[in-house]
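The structures come next, written out as structure tokens.
Same chain, two partners: chain A is paired with chain B first, then with chain C.
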Partner chain A sequence: MIGQGGPNSGRTLLFVPGRSVLHRINPLTKLVGLLWLAATTFMLPPAGMAAVALAAIIFGVLAGAGATFVKRLILTLLPLTIALFVVHGVLIDRGDMVDHGLISVSPEGLKYMFGIVVRVAALLTVSLLFVTTTHPAILLKALDSHGISPGIAYLIASPLLLLEPFSVRARAIRDAQQARGLDLNGRWVARAKAFPALLIPLVTLALSDLDQRASVLDGRAFRARPFRTVLDAPLDRPWETWARRLLLVAIPVQIGVVLWL
Partner chain B sequence: MKFDTRTLVLMAIAIVINVVVGQLAVWVKLPLYIDAVGTVLVAILAGPLAGAVTGVLTNLIWGLVSDPVAAAFFPVSLVVGLVAGLMARLGWFRTLGKTAVSGVVVGVISTIVAVPIIVYMFGGVTGAGTDFATAYFVAVGQELIKSVAVANLATNLIDKILTCAIAWIIASRMPGRFTASFPFYQKANA
Partner chain C sequence: MALIDIKNLTFGYGAKGPAVLKGLNLSIESGERLAILGGNGSGKTTLAHWIAGWLPRPAMEASQGEVLARGKAWPEWNALDRAATVQFVGQIPMQQLSGFAFTVYDEIVFGPGNLGLSADEIRTRADWAIDICNLRHLVYRDPFTLSGGEQQRLSIAAALVMNPKALVLDEPTGNFDPESRDNLLEQIKGLPRDLTIILFDMALKPALAVAERFVLLDDGGIVADGLPEEVIQHPAAIDMFGLPAVTEAALLIRESGKFPGKARLPLTFDQAVRLFGGVPAC
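What follows is the complex of A and B.
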């Protein structure tokens, strides 16, 4: 249950190259900003959440990621909105059903639906703002330059670097097996039988070079020092350091204020 | 706790396996996720903590590169790795029958963690196939939280039993020299 909606079957990364202001801000500042906005979203009324989502979309378009925003918003929000409308607007009887001929709809249910949709939209758009303007490799350099341990850096960096070649490998296995007669469009029994034919070669290949990878890492003594040095660390301006500190303090303070009130 | 280099590499590969196997499930158009095979494999070979870390990082990395909504479900992946590792420690991954029982336990506990996230963050629906079952149970008069629980439990049980079985088959078919250097696996299967 990584994501209830399932993975992207196309491009692996959502990152959009560019030179916008957001692209140039240090990834750690953006990450802390994302956490602050996510925490803030839960404290806002629906109109505030909608404003956050709209602002994030505008910044996304200015950063050149408009198409990615539109695609992800439609893919995520359309099925969610339909399901929320059916369950909360039509099926759950809150005692305020209004008859519209073919169906009866609950205004209270629609209000609840709107609240959920704008909250998910706000969280999704601020997350997209981060992922579309931050390449994982730059994020890793930022983490390295702030003294993250080599083990944690490897656990974050290695999957990001392996994801693309493994996706290519999976597609090659699929194409090869289809050339040998594998049926991916037949009845569900045929498709269920096709699953091991795709899975086993992929996992076996992935695990077969585990020893070699471990030996190479040990040979490089990659954990000999407590942290790695970065030759071209992302720019980190003094105001960004202060902004991060301020936002990191603001998150628990905001949560505390909301709980107190 | 500091993981040895081999375990670190296994965890990194398992994260990629989780993501890519999720893509395979989409290609074969099965109404299942099967996206925790790597997490359970690490839990069987290296223990509950390594499994939990693999699960959390899978969701955070998936959220980072492709689907930000996935990050919201990181607690579910955490308990999948943790519970699978604890079941492996207790010897419940030694035979296919025991593995199926482990799948049931993992499925039930992961559903208990997933339901509040689905209900309070997404209003009880997620835009996935399970929403049809949720809508049916709501339509016949069940409470929303019960409907979400029942709908997701049914899917999760099949998904996690299958996930545990696949991970067990992979682990048990690996050469002895591969599994020999995972002390947790050796101890759990002694």
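What follows is the complex of A and C.
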């Protein structure tokens, strides 16, 4: 079927192609599920949040995205954990410091640190589960087919859609500046000094591109009508519609309960 | 009524900017194949934007004179009707992409989707444009990973699928190697005959391949307007394109039997040698 070729895209996305149950669920159902889980993490104790994170990792592995999960989790959680350990476990004295020879650690601080880390881990893993099993093109079609305004759909999808041209432009600027003698391989001071020479043209050109892209979109009658015709919209089963409604009701109720109690 | 009617248009960027277009008058009929030729800074791209209605409304309103499309000024057109009247393809292919599609096919159907057409109508139009622009083998590819030539063909397909009355092409082959340029020009030449084509270029060869009417633009004004064989004889043509390019154009026109009639004057050194049976003694 022509028009569903998103998974063949060569862009630098987190999406991992597959045929798992999660891949086949309508993107809007997954998006609402993600929002509900995010709201739920604020209700759960640390052990519950750890269970959510663990479940998300297991689902991610079953969906074939295990490698992406491990890489992103290590890259994100390791520096955060170290920083929180130093601040809450070692530096902030809560009056319960236990001496371990080289360093003194606060058990209360560690407990606090664990709570933050598992909450971030839960939010991160469910977000990863969404982006690794949902191609932005399919998300865009799902939004369009549910009557979401084209402008809002574009706002959601454009950061992902424009990732590749932005990367290409950034590489071209880097190469051009290096050819003019900009030192990008020296010490960190030299690199820091070189940073504006890379950033300023990138931002300037991105702004100029915005103008051009606005004209292109205008020329193709973008937003001329409140809705777009969608070809090959993702399947939306009746149970998914009901699940979304249920979750959308549950989210404010849960937030209310947390604020009330 | 002319498809595009430009009346005494004077325009500059910004309130105090110098005039880029100076008192310009031009009329373009439906179905015409027109080349507007000029050097760097002659005002080609600005004029192309005017003809395509691409300039922001305040800029249009700050100008003198008017550009009418089917008798109505661009600011009076709504986006749907404008998109169905004129489509624009610019110089840099990557900048012509909507940024809204992950595949070539999705890029092509993006415009018709905005028009609110039925899915069947969109598919029919897309298939037609894909075949005309020879993109069938690329439909699943990411538009941003295509070559410049392929992206330009995609831009043209995305414009054609809107079923416009006129296509404005601003130096569409500017960055191409000769082979890719000739291939694209062949495809442009093969576009439906009732489609008005307005080609902006600084070279004579693409214009000769596509257009039946030439307009020379210099310093924001029109210096010559007429048949190719007439316009290339204008003194400004040699200043603009150089003697070798004008000679080559004259040769191509003569091969098609139009210029310079039945005259046997040589146009190249090789022809002179053949005509006079050797190199004349000095």
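Please note the rule applied: the second predicted complex is superposed on the first by the 214 of 261 C-alpha atoms of A that agree within 3 Å, B and C clash if a C-alpha of one lies under 4 Å from a C-alpha of the other, contacts with A are read in each partner's own complex, and residues count from 1 in each chain.
Basically, contacts are C-beta pairs under 8 Å (C-beta built on N, C-alpha and C of every residue); 3 or more make two chains touch, one makes a residue touch a chain.
Predicted model only: the values in this text are computed from it and were never measured.
Give one of first, second, both or neither to describe whether A:261 is in contact with chain B, with chain C, with both, or with none.
Once the two structures are laid over each other on A, A:261 reaches no partner at all.
May I ask you to decide whether A:228 touches chain B, chain C, both, or neither, giving the answer as first, second, both or neither?
After superposing on A, A:228 lies in contact with chain C but is clear of chain B.
I want to verify the contact counts: of chain B and chain C, which reaches more residues of chain A?
Partner touching more chain A residues in the overlay: B.
Should A:127 be classified as contacting the first partner (chain B), the second (chain C), both, or neither?
In the superposition, A:127 contacts chain B only.
Looking at A:213, would you say it contacts chain B, chain C, both, or neither? Reply first, second, both or neither.
It touches chain B and chain C both.
Looking at A:92, would you say it contacts chain B, chain C, both, or neither? Reply first, second, both or neither.
So A:92 only meets chain B here.
Answer with first, second, both or neither: which of chain B and chain C does A:137 touch in the superposed model?
In the superposition, A:137 touches chain C alone.
Determine, under the contact definition given at the top, whether A:102 touches first (chain B), second (chain C), both, or neither.
neither
Given the touch rule stated above, what does A:162 touch, chain B (first), chain C (second), both, or neither?
both
I'd like to know which partner A:154 touches here: chain B for first, chain C for second, both or neither.
both
Do chain B and chain C touch any of the same residues on chain A, and if so, which?
Common interface on chain A, chain B vs chain C: 2-3, 5-6, 8-9, 136, 154, 158, 162, 213, 217-218, 223.
Considering only the defined contacts, which chain A positions touch chain B in the complex?
Those residues of chain A that touch chain B are 1-9, 12-15, 72, 76, 78-80, 82-84, 86-88, 91-92, 112-113, 116, 119-120, 123-124, 127-128, 131, 136, 139, 151, 154-156, 158-160, 162-163, 166-167, 170, 174, 184, 188, 191-192, 194-195, 198-200, 202-203, 206-207, 210-211, 213-214, 217-218, 223.
Quick one: in the complex, what on chain C touches chain A?
52, 54, 78-80, 82-83, 87-88, 90, 94-103, 105-106, 109-119, 122-123, 139-142, 144-145, 158, 162
Quick one: in the complex, what on chain B touches chain A?
For this pair, the touching residues of chain B are 2-3, 5-6, 8-13, 15-30, 33-37, 53, 57-59, 61-73, 76-77, 80, 110, 114, 118, 121-128, 130-131, 134-135, 138-139, 144, 156, 159, 166, 170, 174, 178.
Quick check on the complex: what are the chain A residues that touch chain C?
2-3, 5-6, 8-11, 135-137, 140, 144, 150, 154, 157-158, 161-162, 164-165, 168, 209, 212-213, 215-225, 227-231
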